[in-house]
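First chain written, first letter: the chains are A, B, C and D, and each begins at residue 1.
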Amino acid sequence: MKISFNVNKMGYYGDFGGAYIPEMMYSNIEELRSKYLDICSEKKFQSEFNELLKQYVGRPTPLYFAERLSKKYNTKIYLKREDLCHTGAHKINNTIGQILLAKRLGKSRIIAETGAGQHGVATATVCALMGIKCIVYMGEVDISRQAPNVARMKMLGAEVKPAISGSKTLKDATNEAIRDWINNPVDTHYIIGSVVGPHPYPDMVARFQSVIGDEVKKQLKELEGTKKPSYVIACVGGGSNAAGLFYPYLDDEKVKIICVEAAGKGIDTGMSAATSILGKEGIIHGAKTLLMQSTDGQITEPYSISAGLDYPGVGPMHANLFRTKRGEFISITDKEAMEWGLSLSRLEGIIPAIETSHAFAVLDKKKFKKDDILVFNCSGRGDKDLDTYIDYFKL
Amino acid sequence: MNRINKVLETKKNILSIYFTAGYPNLDDTEKIINELSKSDVDMIEIGLPFSDPLADGPTIQKSSTIALKNGMNTENLFVQLKNIRNKTNIPLIIMGYFNPILQFGVEKFCKSCNDVGIDGMIIPDLPVDIYEKKYKPLFDKHGLLNMFLITPQTSDKRIKFIDKVSNGFIYMVSSFSITGAVNSFGFEQKNYFKRINKMNLKSKLLIGFGISNSSTFKDAIENSNGAIIGSAFINFLKENKIEDIGKFVQLIRG
Amino acid sequence: MKISFNVNKMGYYGDFGGAYIPEMMYSNIEELRSKYLDICSEKKFQSEFNELLKQYVGRPTPLYFAERLSKKYNTKIYLKREDLCHTGAHKINNTIGQILLAKRLGKSRIIAETGAGQHGVATATVCALMGIKCIVYMGEVDISRQAPNVARMKMLGAEVKPAISGSKTLKDATNEAIRDWINNPVDTHYIIGSVVGPHPYPDMVARFQSVIGDEVKKQLKELEGTKKPSYVIACVGGGSNAAGLFYPYLDDEKVKIICVEAAGKGIDTGMSAATSILGKEGIIHGAKTLLMQSTDGQITEPYSISAGLDYPGVGPMHANLFRTKRGEFISITDKEAMEWGLSLSRLEGIIPAIETSHAFAVLDKKKFKKDDILVFNCSGRGDKDLDTYIDYFKL
Amino acid sequence: MNRINKVLETKKNILSIYFTAGYPNLDDTEKIINELSKSDVDMIEIGLPFSDPLADGPTIQKSSTIALKNGMNTENLFVQLKNIRNKTNIPLIIMGYFNPILQFGVEKFCKSCNDVGIDGMIIPDLPVDIYEKKYKPLFDKHGLLNMFLITPQTSDKRIKFIDKVSNGFIYMVSSFSITGAVNSFGFEQKNYFKRINKMNLKSKLLIGFGISNSSTFKDAIENSNGAIIGSAFINFLKENKIEDIGKFVQLIRG
């Protein structure tokens, strides 16, 4: 039998995944695990989900042929325009799904962690839409470097609570959210923002995001007469935008997968977030996966200029793509990413999120053929990062 | 017979005290264990500090951060505990998150525990299911008990499963709260204690989380075989000398 | 014959419109006037325009049924989601059209004026896309109150030139742009951002924006079984988002038109931009229209908290809608608009531009029936206005 | 015969000077006109200030803003000009944007001009087409000439049309530039002057925009019937006394 790169019944991708959780989370995780597939396959759920994606999020997002970029690199470059989603990134595909799920589970209070703030905004947005209370945990460092998104969450009525432990970034915000859930196990649903955490989160989030890849298949068929690009390319923080794009292609090895990680100041500098290259197998936030850690098993404080990639772990799906070599992993420094942010702005009139910029830098790392079809996930827009760009380039 | 089981069988109103190894100072481990052994304490939980202790409240988090900064690590802990059994016969439990144990090597970890005379483990993020399927034989081989938690949300069915797998005590989380010490237990918590007691489990029950003074300790032992104190003891260590631990224990015992 | 509310062959809407321009602009305006209809009706132009609207801008934008809002006001409320357009407002519909036109006219340099910065960003964006030099004039006051958009224009490679005369807002930026055009009549095309200026601009911009109304017709037919809403409602600065929504309904008086203007601190305070109510017939930026002016014919410096509505004139189409009473004109204060910005964020998870917020305030000014179908133009997103919102509400 | 036409027919090397009414001070209008009349100047353009002078460069913009702040308005200008014809017979042209005239009432405006002895108008944002269709009879009735601009972009056909409608001079915009005074004309501008001269228009030509010194004035009169100076004169007024206007004119005449 052919091996699959998707999750198995036990919640594992190869060696990775599972649910390494404190007992205090067990009832919630078990409730989710036992119900998510049924709920998600309900007709009514499907139609509500698809309707909101269409009418509220603005899906399908275009698959845009980047003419100037393609010419410059002498290959065919398509951008999947998740930056056009309501709230400005792919994150909302997942929060729409999870809020509908939370309602069916009878939850009246939502918590979330956020790094770049995109997931926080996406969560605050769906909570406003449904009239549900929302608390977002965000590292203190991220609160200051992603100020516009903090403002947006407040406008949307969410409470933003600073995580002040550790590196004060995404990992610590996640710890805080988990602690909140442990303290509020009855009325609260925790909307995780990426394909991380204990099973069934990685699979659930990947399914909600898979709309990205599903649309690409249809759109590419129309535009190029084939459903299959040569490459699907995405940045990887936790891995949700990548998972969403890769999903329908996971087991089709004719479509090559490239995961782009944040090298920060360089993978040898100790200031990096290139999880797959620097990480070892271990457990973070309830999942067995690759993570950056000391020999002693203490989780390393990661670094990236981009708040959404500043995470020491990676989703178990991606850990497996790395180990099995199904995916090629490339790491991109702050400098390379920032310059690509400017390049894409000037070449295509699209200011990408710094997370997203990392993906495009692959074009300078790897030679592609003239007939190759590259689909990049343009995971988010750069509005939240303007201060960082402006400071960096002294514009 | 394992020292933990001996205490569980012979004692009532058990008091178990948690501290974070390497806190307040790197080399306090032995001193604290000795002082606790001299006092009216029945078991000791030695916290192996972790960078991301997601089931702990701020007090224990902070002590872990300081302990790690002080240089505490797994290797080091076993060095510090090397001769501990020359000094005390009190049951010693290591409480630690799974990742550092996994990196050390689970088998090597169990063996090291056995070497220095550790009696059991509490690993909050190693669920009973995974333990049972994968790690139990190793623990058994090295004579280590593994203690599991239950909470007000744990179903009766799952409690029975945990009871079956358990060979030490069951750690009964007092409430939903990991925010640390509270002043007294409420109606809901007491109901929960009663419910569990009615289940007639084979395992003994110790109540933890939120025990901070003689009144909450009294509440706890009325409903169980004993109680575990963590945050309140860490707070005590922050402000007092190790030599005064006996007084803290007296205050709790009331 | 039935009167039409659309432009006539001479470039007039009733008494309003025309081209009152200095001779120095004549050759450019005449070139445009004589060619725009032919160019716009070329098959190739149409298909390029529509393709870019689809693949790049993300059209069609959803027509979103706002459930919580509808419930609260006991009527049927739809939002035309122009906030989901690439760059965050309807403005890009027009700049896509004009850049394609400019290319056909052989122009190699683009100038634009901007108030809120949305039109500046939309212009900078299409210039980046086409690789054409771009200069944007922006009032000094607006530069400081719309900082995120200034940053975006710079990222996109545009030069932002401050207008330092008069009220240092939109009207002055427009003067500066016109002066630039007079100085550079050969290589330069001036992309005006609203349905203002000399003929053929109002008609040309309205045509490019009419995609909004055309989509509404189709979408409403699908959603409600009728192409005709009871009301179409939009904020009016220059009037382009309104014109785009109203376009297919202009001559169908069964569909009622509501134009919402900025009352600023109140129409009697002297700090206002409620042009139709406070204005008199006159000439501004080359068009005969309604404008706020002294008895002596000096143009009044307008005021609104919203940079995009802070204009003393109104497009000639709207002046005619006002005079003929085809449209109902309602003015909304800063305070009312700001509160609606917060309300929409909290009720529907959509943070609107402050311009857009004005439109929604109509819901508190007028009673609608249960069966009425209201289509609001949700002309832009509020990301550019976060600082203003946060300051105002002390969030 | 209109004073403008008389000058156009009798003089060569015509110098016309523009100033903004109400600048530098509200009541300088009469003084400036008198001083200009005394000097070697052939025509005067009185600028009616406008809040949004979009065809003017920064110098004239600024003078307009100051004039408006000083309190200048249409009514006021006619009061100031009431007795001007007692003092001078020099051709007087009002240069103003269309909106203030429209608000004043075009007919009333023409009549007021006639009353005080104004000879003609330059209204940059009233295109010849609209003038011809709608306003010409009013101007004619009140004996007012209306002068139109042409630029390097104006087509031959349109120039011929303007020439036909014109009954005064044609205001030949020197270049693309409204940025104010320049130091000398370039190759392109001279070519343009030549091209227009070859057209044998019935109207006389005055060159304006960018004339700032004797050299540019010389260039201009070599190619036309005269020149108009605006920005350079405003700049002069900013720094000098009105009594010294004669010296400015001498410098230009060279």
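Operating definition for what follows: a contact is a pair of C-beta atoms (placed from the backbone, for glycine too) under 8 Å apart; a residue touches a chain by one contact, two chains touch by 3 or more.
The structure displayed is predicted, hence computed values, not measured ones.
Engineer: Among all chains, whose Cα centre is located farthest from the one for subunit A?
Structural biologist: Greatest centre separation from subunit A goes to chain D.
Engineer: Just the number, please: Cα centre separation of subunit A and subunit C in whole Å.
Structural biologist: Comparing mean C-alpha positions, subunit C is 35 Å from subunit A.
Engineer: Rounded to a whole Å, what is the gap between the Cα centroids of subunit A and subunit D?
Structural biologist: 66
Engineer: How would one label the connectivity among the chains shown: line, ring, star, complete, or other?
Structural biologist: Looks like a simple chain-to-chain line, open at both ends.
Engineer: Mind pulling up the subunit A residues that touch subunit C in the complex?
Structural biologist: 54-56, 58, 61-65, 68, 81, 83-86, 88, 124-129, 131, 148, 151-152, 154-157, 341-342, 345-351, 382-383, 386-387, 389-390, 395
Engineer: Touching subunit B in the complex: which residues of subunit A?
Structural biologist: 18-24, 26-28, 165-166, 171-172, 174-175, 178-179, 182-186, 280-286, 293, 295-299
Engineer: Using the touch definition up top, name the residues of subunit B that touch subunit A in the complex.
Structural biologist: Residue list for subunit B touching subunit A: 50-55, 57, 61, 65, 68, 73-75, 97-104, 124-128, 130, 148-151, 153-155, 158, 173, 176-179.
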